[in-house]
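Heads up: the structure comes next, in C-alpha cells.
As written, the chains take the letters A, B, C and D, and residue 1 is the first residue of each chain.
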C-alpha cells in the first residue's frame, strides 16, 4: 500500500539523525539553554534577517498555537481566523481551553481576505453593545493554509495595515512553512514575515523534523514567556532535542532544499494524476494535491493508495488529498504511476 | 568541567538512536496510531502485568501531570501533594492553570504520610463550611520523590486504603521511576503500582529517552482522553517518536538494565565523596546524591564540578545534589575521584 | 423621553419590595440555606410538577449560563447553539472563559432546528478525524429566543429525541421565560420543560425581580454543585435576596400574572405602531416588538422614544426593538400613541 | 434562639429599602450605566479623596476577589496571601479556577507581615530555577482580616514599599471595611487606602446592603474591565440594584454611622461575656468577638445561642465567633445578657 496520506508519516531527515547521534553524549543544560538551541535560534534570526527576534522551540503545532494565542491576547480578547483555520476546527478546542474564543471569518480556498476583516472590525466598532462582545485582539493566518494556498506579500501587507489600524496582533501558523516558501507561486520570504508579523512559527514536524516548531517573535515576546511555556506544560527537559533539529535544518540551506524537493515531488504526483485524466479541486500551489475522484475511482484506488479524505462534492464525486514531503522519493512516484495505470486497467475491465 | 547536574543532560540510549534510524523511512500513521506506539503500550501492559491497562505517550513530565490531574479531577476538586511535590512548586503553576488547586500536605524527606493524609481528610469532613472549601479529589505522589526517597509497598497500601475510604484517586509521578525500581531499598514493582494506582507514569526523559513519558491507566482512562490530550496541546503528530523510544526501552529489559547501571554509578559517586570525608544530607536511596558542602568546599568544587544547588543548611553549609543516570560512565567516576583529590589538595594548601 | 429600551430598565414588582421589607430583620442563615430560598424552591418544584427537581438561585443570566454549561459538560465538550444564541454572541465569551467552545448552528428567527442539529451530529460522527474536534455535549436553546420566538412542544420533543440519540444534554435559557409562557403562541409549560430538559432556568431579572434566576435541574445536578457555584464566584452571602423574590413571584400566580400583563402591553404597543402604518420585522410572539423604521422615521422617533437598535435591513430601513415588561403601564401606551401621532405630524410637515 | 452567627444574617438598612422603593419605577439603563451607580461612584471617589478613581459594583466578595486578582495579574503570576486569607481557604478555589495560584505566607492573627513578604521575595529572586516557579504578582490583604485584626497605616506603608521594590500589585479585600474603619484601634482611612493600593473593595453585603461590593481602582483599572466583568458572568443587568445601595450608604455618612454602631454593639457583646467570666481568644478589634468556651459552656450555650465555630484549642476548649453588625440592637444585647445568666445558672445547677 503506497501512502501519501500526510507529510508526517515518516521520521526525519537523515542529517538530523546524524546530528542526534554525534551530539548524543555531550552534556548540555536542559530547558532550551543548550548550545544547539542557542545556535539554532541564531541561524533562524539570520534567515529572518531579524537580529533582535526571540526564538522558542515548542514540540508541536497545536501547542505552539495555544501558547502564542493565549499569551499574546489580553484575557477578554479573541482571535480572528478563517472558518477553516486549523485553530477553528482541528485542534479540539485548544484555544478555548485557555479561555479565548476563535472568531470566525469567511474563507476562500482556506484564506481570509482583508475586506472581510475590515468589515468585521467596522461592524464590531459600530456595535453599541460591543462591551458585551468578545474583543478581537489578533488575526491568525496559516501560510500555507489548510488548502495549501498562499497569501501573497501584497495580501499580507493589506492585512498588516488593518492590524495596525485596529490594534490587532498578526500571527502566522507555519506548520508547512517550508513548502510554502518553496512554492513557485510564493513571493513571501522569512524576512517579510518577520517584518509583518508579531509572531509566526516555522514548522519542523512536517518539514523534516521528528517534532518541533520554531516560534519567532520578531520584536517582543510576551513577558516571562519561558515561565508561561512551563505553565502550559510545554517545556521539554531536553530542549536540545528540538534545538539540534532546527540547528541542522537551518544549516547549509537544508530546510529550503528539502522543501523544494517536496515541491518537485508534488508536481510529479499532480502530473501523474493529470496524465491519467484525473481532475483537481484546486491548482497545485504547495505540497498538497487535491484530486477529484468518482466513487468508482475512489473504490479502486483505495485498494492500493493511502490518502486523506477531504470532502464530498456531490453524490458521485469527492476530493482526496495527497501530500508530498521532504521524504517522498522518485521510487514513490514511479510506484504511483504504475498503480494508477493498474487501476485504470481494472476500471476499464469491469 | 565535569557535570552531574541532572539526569537529563545527555541524549538517549544508543539503542534508541538505532531504532530511530532503522524505522526512519517507514510510513506510519500519526497521533500515536503507529505500530511502535501500539507495541510499546503492549510491552508496558506486560511489564505491569495488567492486560487491560490503557497506555498513552506524552512528551514531558509537567505535561503529563497537568493532563492527568486535570482530566481525572472533577472541576471543584483539588489534588493533595507533599509541600515539596513537583506539582506544588516546580511546575510554574501548571496545575492551577487548568483550574485546580494543589492542596499541600506536610512532608518528610519528600514523602507525605498516611497519618497526615487521614488527618487532612478528617478535618475537611468535620468542617461545617466544607462546601466553601476545595474538595480533595486525588493524592499525588512521586516515586522516587524529589529527594530520591521511596514509598514502600506497605506505605502505598496504607495510602491506597485511605484513598478508597475517602474516594480519592491515587496518581504517581514516575519521572525517575526506573531509578526507583532499581534501588536496593525498593520493594515496589510495576504490577504493584498497577494494582494500587488509578494512574501513574513511567518516566522516559530522565531514564534513557530523548523525551516522553508513558502514562498508564491500569483500569480506566478519562472519557475520550485522546481528545483531551489534543485539547491540552499535548499530542505529537509523529507519535512514533515516543512510541519507538518506549518500544526500545521495554525490550530486552533495557529500561531496568540502564536504571540498575545508574544505581551502581550513584553508589560509586557516593563512595567517592564518602572516602574523601564528605557527609550526606540523606542516605543514598535512588540515583540522586545529596552532599553537604562547607562554603570552602563549595567554592573549590564549583570550579571543576557541575551539580544542582539544593538548599542552605546554615551559615557555612549547604546541600548540593548530584545525579547519576543511564549515561554515567566509569570514566566519569574516575574523573570525579581525581577531581575530588585535586580539590582536597587545593583546600589543604590554602 | 419614553423608554421601551428593554425589560430591565425598572426595579421590581412591588410585592417583592414589600416582602423584602417584611422579612428584613429576620435572622436567616446565608448562602441559600434561608427559609425563603427553601420555600421558593419548593414552589418552583410545584410549578414544574417535578418534586425531585433541584433548584438553585443565581444572580444573573450570563452567570447561570456559564455555570450550567461549564458544570454539565465534560472538559473536552462544547455546546451547540444557534448562531444568534445569547451565549454565542452577547456574553463576552463567558462560555469560552471556562474552556468550552460554542459550536454554532444555523438559525431562523433565532431558532435552531432539529434537521440542522441532526445534520451536524451525523457529519461529526462520520468525520474520521473527530478525535481532533470539539465534541458536542449539549444543546443550548433559549425560550423565548433573542428574537422573541418560541419553540413548540413538538419542536422541543424532536430536539430531545436527538439529544437522547446522540447523548447530548438539553439546556434552556429562560431569561424571558415568563413572557414566553404567557404568549398566545405558546404550547409549552414548565412541566413539559422539566420533562424534556436536563437543566433550564426561569428568569427573574427580566420578569419582575431586581436580580436572580432560578436554575432547575429536573433530575440531577452536577456533583457538589454548590461548591462549583462558590468556585465560580457566583454565590451570594445573602441568598435570601433571590429566595425572597422567587418566593414572592411563585406565590399566587404572580410570575404568570405579570407576564400576561406584559404580553397585553406588547400587543398594545404593536397595535399602536400598526395603526400608524408601521410594518414589522416579525409577527409579535412574546414581549418584544420588532418594528421596521425608515431613516426618516428613525430620526424623528429617536427624539422622543428609547428603543434598542436591532439591525440594518438596507440603505434606508432598519429594525428596532421595543420591549414590554411587567412594569409597562396603560399610561406608557397612551403616551406612545400620542408620541407616534406627533411624529407623524412632524414627518408630514417637513 | 438568639443568633450572632455572622454579619450577613439580616436584610439591609431601612434607608436602602426606602431608596429601592422610591426609585422603583424610574427607567434607567442597565449594566451599571444608571444614574445611581454613577452617583454612588462619585460619592465613593469623594470619600476616598481620589477624584480619578474608577469604581465598579460587583455582587459579592468572592466574585470581586476573583475578578480583581485574575484581571490584574499576568497569566504566569500568582497572588501572595496569608495562609488564613479568605482567597487561600474559603473561596472553594475561585482564584485557581481562573488559572492563578495563591502563594501562602505565614500569618499571625490573620495578618501577614512585611518581613515574611520580603523574605519570600528574596528567596524567590535568589532561586536559580525561578523561571519554573509561579511568579508573585500581587499581595492580597484583608482589612479587617478574617480574625478581625487590622493593619496599621505604618504596616501598610511598609508593605507598599516592598510592593514597589518588587513590582507587586497591592489589593485589599474590604468585605468588612466599615467595621475596620470604625474600630478604635484603626488609623487607616479610605484616602490612605486609595493612596497605597492598586485596588481595594469596600464591602456592602456585610455592612448594611443586601448584596454588592464597591471595587475601587484608585489609578487605573485593567483594560476593558467592563467586558472582563461580563466575561466572568459577574455583570448584573439591573446594575441599579447595587448602585442605589451604595448611593444610600455613602450619603449622610451612613456607611460609617452604621459601622460605628456595630462596633458599639460588639463592645457590649464582649462586655457581656467578660462580666460572666468568659475569656477571649484575642482582644476585640473590630466587629467580631472570639470567645473561648469549655465543652460544658459550649453545650449549654448552644441551646440558646447561634455563633460560628472557629477552632479547637485543646481537648476541653474551643473558640467560637460572634459577630455584631449594623443590625444588632440593644434588645439583642439585653437578651444575650439574660441568656448568659440563664446558662450560668444551668451550669451551676448540674
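By definition in this document, a contact is a pair of C-beta atoms (placed from the backbone, for glycine too) under 8 Å apart; a residue touches a chain by one contact, two chains touch by 3 or more.
In this text, all values refer to a predicted model and were calculated from it rather than measured experimentally.
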* To do: Could you run down the chains that neighbour subunit B and subunit C together?
  => A, D
* Structure fact -> Top of the farthest list for subunit B, CA-centroid basis, is C
* To do: Provide the C-alpha centroid distance between subunit A and subunit B, rounded to the nearest whole angstrom.
  => 34
* Asked: In whole angstrom, what separates the CA-based centres of subunit B and subunit D?
  -> 42
* Asked: Tell me, which residues of subunit D touch at least two other chains?
  -> 76, 91-93, 97, 99, 131-133, 227-228, 230-231
* Complex interface listing, subunit B residues touching subunit A -> 3, 5-6, 8-12, 14, 17, 20-21, 23-30, 59-67, 91-94, 97, 205-206, 210-211, 227-228, 230-238, 240-241, 306, 327
* **Parts of subunit A lying in touch with subunit C, wherever the complex brings them together** => 76, 78, 89-93, 96-102, 128-129, 131-134, 309
* Of all residues in subunit A, those that touch subunit D in their complex -> 31, 70-71, 74-76, 99, 131-133, 135, 223-224, 226-228, 230-231
